[in-house]
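Here's the structure we're looking at; comments come further down.
Here the chain labels run A, B, C, D, E and F in written order, and each chain numbers its own residues starting at 1.
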């Protein structure tokens, strides 16, 4: 009971703090200088229509590399933590039924196609590597839901993941050698603004991020799905 | 054209409303799934058609969204109905027969 | 005229959303709540297209595509859990 | 108006999440409360970047590059939140994996049973 | 800003708070998880209203399927332990 | 070969619809992506290729679409009548019906169509028998229910999928 009262007290204190923050808040009428710089220079300098993509892939590209690394570490730790709980006795879940199986065969390619569309068009439309990767992993998830005992191809997933990661770093180094700095997208011609093959290396980098994120989530799903029933 | 689109929108929203009403009023899970699936599918398709009339340049994407809904929605409600039946969801006392439970040798 | 009709449609869809929310909170069994969840996601698709129309940005429709194709995954995940499918 | 509503909701979600995480005894419920608080933080950050009457930071026919600075909202918070959501899923998966291991050891999810680290 | 969008925001935000309260109050654990998923699904529409389509798409892709599934999967591995 | 060309065409059509552009790079990249997907899912994708390619099948497809849309609207009007009436006149029941369709895609289409038509919801499909939840059950007899629920769609789907 005392714990609950303490929690309530903490929440009330935080609530007071938030309320004072809220009451003083007024939305800016103008963009701040950083955002203004991005808004005015992205189109000419990088050729990307989606400013969020430009920030993630190029302006803050190094952070994104770090973040993909964090994600990789998370997937690796999940695999490591669950490694001793591998299932020994096969278990028999209720099968998914014929209609779900047929629906999965129909929809999985469509989901993967949508994922590829999302990360290839990351510099033109909302979307990009992280979203596309999550959609790819959702396609894998649908297969898993329809047939939970289907064995996972760990080899393919880890090959895709390490290949995408290595190429990502190599493209970054190429930017250092051929253009302005690490992960500079201008190693490829900028192309015509608004076309699919434009914005230099952004579509390539984002596709690699998409494949890597998708492979990482899929390997998380795989290591969870192979655990033992408790 | 705009007026037609707006009318389609209202018709679609009315079906969505009916679906919600059915969800509240129907007596058991299966009847609620019926109301939920049918009314929302037609309602969403009609609203998408309405938006396609209002903005003809969006028609292709709206058609794709409609197609996806047309495939995913019945599948998910079928899986849900099956799982509700398997998990032994309570049926309304009005229910006449239950051949599936008879087939599986469970009391209906 | 068109504005009024769109407002009317939005109000109707919002009422449907609220009723589904009621069923979600109230629903006696788990399956009832999942049905309500399903209905709310579908009304969400309509809401996304409405936002895209109000803002006049065609690119927002991509979000609706992702939503339409993936929202049913959540429903199937819960349904398969209820029937002990994994 | 929209900004204020969204900000307030975000703050309320954070508070609900923190309260839930502090008072629940079941590990999985604590993780659910954490994801709710996480959503609240994301909502607050996005709402701070919103400027009334402007549109998404994506240039196309309706928002030409020349008038971008006057028409778009701040893209930086969006980039932050985008990555935060993805990392959030990774963190959730990690927490769940640890919950699974703890359950394997103790056959219970009650936080009161894990008392080794209590002080 | 049009009244429709404002009304939608208010409605969705209220629904989100209700769902969040349900997520920490409701008795059965699966339904708490489902309410958590509902929060993130509604949140993605709110992100879109706040002119953040990228974030909305991420939330839709991750919150709807993957997070819900992870929770339910772990829960299904420990049936029986869910009540304490 | 033809069994892989049809899925490729279908995926490519979806790709073009998504991109809404006929620029050269979109066409080439889409071809590459669709080829990879078709190769990855070469076993599962046969569901796309089960439709017969003949003028008669095309006519049946059109007929099926028209019949389906009409039934969809009828279903919703019937539902509206039930939901809006104060007494809520429902007599539900789960009945068994038979289907003679063999191809998985045809069976999926049949089950989906039944789910979206007046008062019926497919619950389970096992071999030849399809279990259907019926809001206003008029008969619990298998043959009569088959004639009532399935026959309308099956005549079209038989031509389309065999």
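Following the convention adopted for this analysis, a residue touches a chain if its C-beta (ideal position, glycine included) is under 8 Å from a C-beta of that chain, and two chains touch if they have at least 3 such contacts.
Because the structure is a prediction, the values reported are computed rather than measured.
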Between chain B and chain E, how many steps is the shortest route if every step has to go to a touching chain? 2
Return the chains common to the contact lists of chain A and chain F. B
Using the touch rule from the top, work out which pair, B-C or C-D, shares more C-beta pairs. B-C
Cα centre of chain E to Cα centre of chain F, whole Å, reads 31
Chain C and chain F, separation of their C-alpha mean positions in angstrom: 23
Using mean CA coordinates as chain centres, what's the gap between chain C and chain E in Å? 12
Two-or-more-chain contact residues of chain E, please, as numbers and ranges. 5, 49, 51, 53-54, 56-58, 61-62, 65-66, 69-70, 73-75, 77-78, 81
Interface hub residues of chain C, defined as touching at least two other chains: 6, 10, 17-18, 30, 34, 50, 55, 57-60, 62-63, 65-66, 69-71, 73, 76-77, 80, 82-86
Would you please write down the residue numbers of chain D that are in contact with two or more other chains? 3, 8, 19, 23, 50, 52, 55-56, 58, 60, 73, 78, 82, 85-86, 89, 93, 96, 100, 103, 107
Pull out all the chain pairs that touch, please. A-B, A-C, A-D, A-E, A-F, B-C, B-F, C-D, C-E, D-E
Okay, in this complex, where on chain C does chain D touch? 55-60
Looking at the complex, which residues from chain C come into contact with chain A? 59-60, 62-63, 65-66, 69-70, 73, 76-77, 80, 83-86
Chain E-touching residues of chain C, taken from the complex the two chains share: 6-7, 10, 14, 17-18, 21, 24-25, 30, 33-34, 37, 40-41, 44, 47-48, 50-51, 54-55, 57, 59-60, 62-63, 66-67, 70-71, 73-74, 77-78, 81-82, 84, 86
Where on chain A does chain E make contact in their complex? 50, 52-53, 118, 126-128, 130-131, 134-135, 137-138, 141, 145, 217, 221, 224-225, 227-230
Chain A partner contacts - residues on chain F that touch it in the complex: 7, 11, 14-15, 18-19, 21, 23, 25-26, 29, 33-34, 37-38, 40-41, 44-45, 47-48, 104-105, 107-108, 111, 122, 124-126
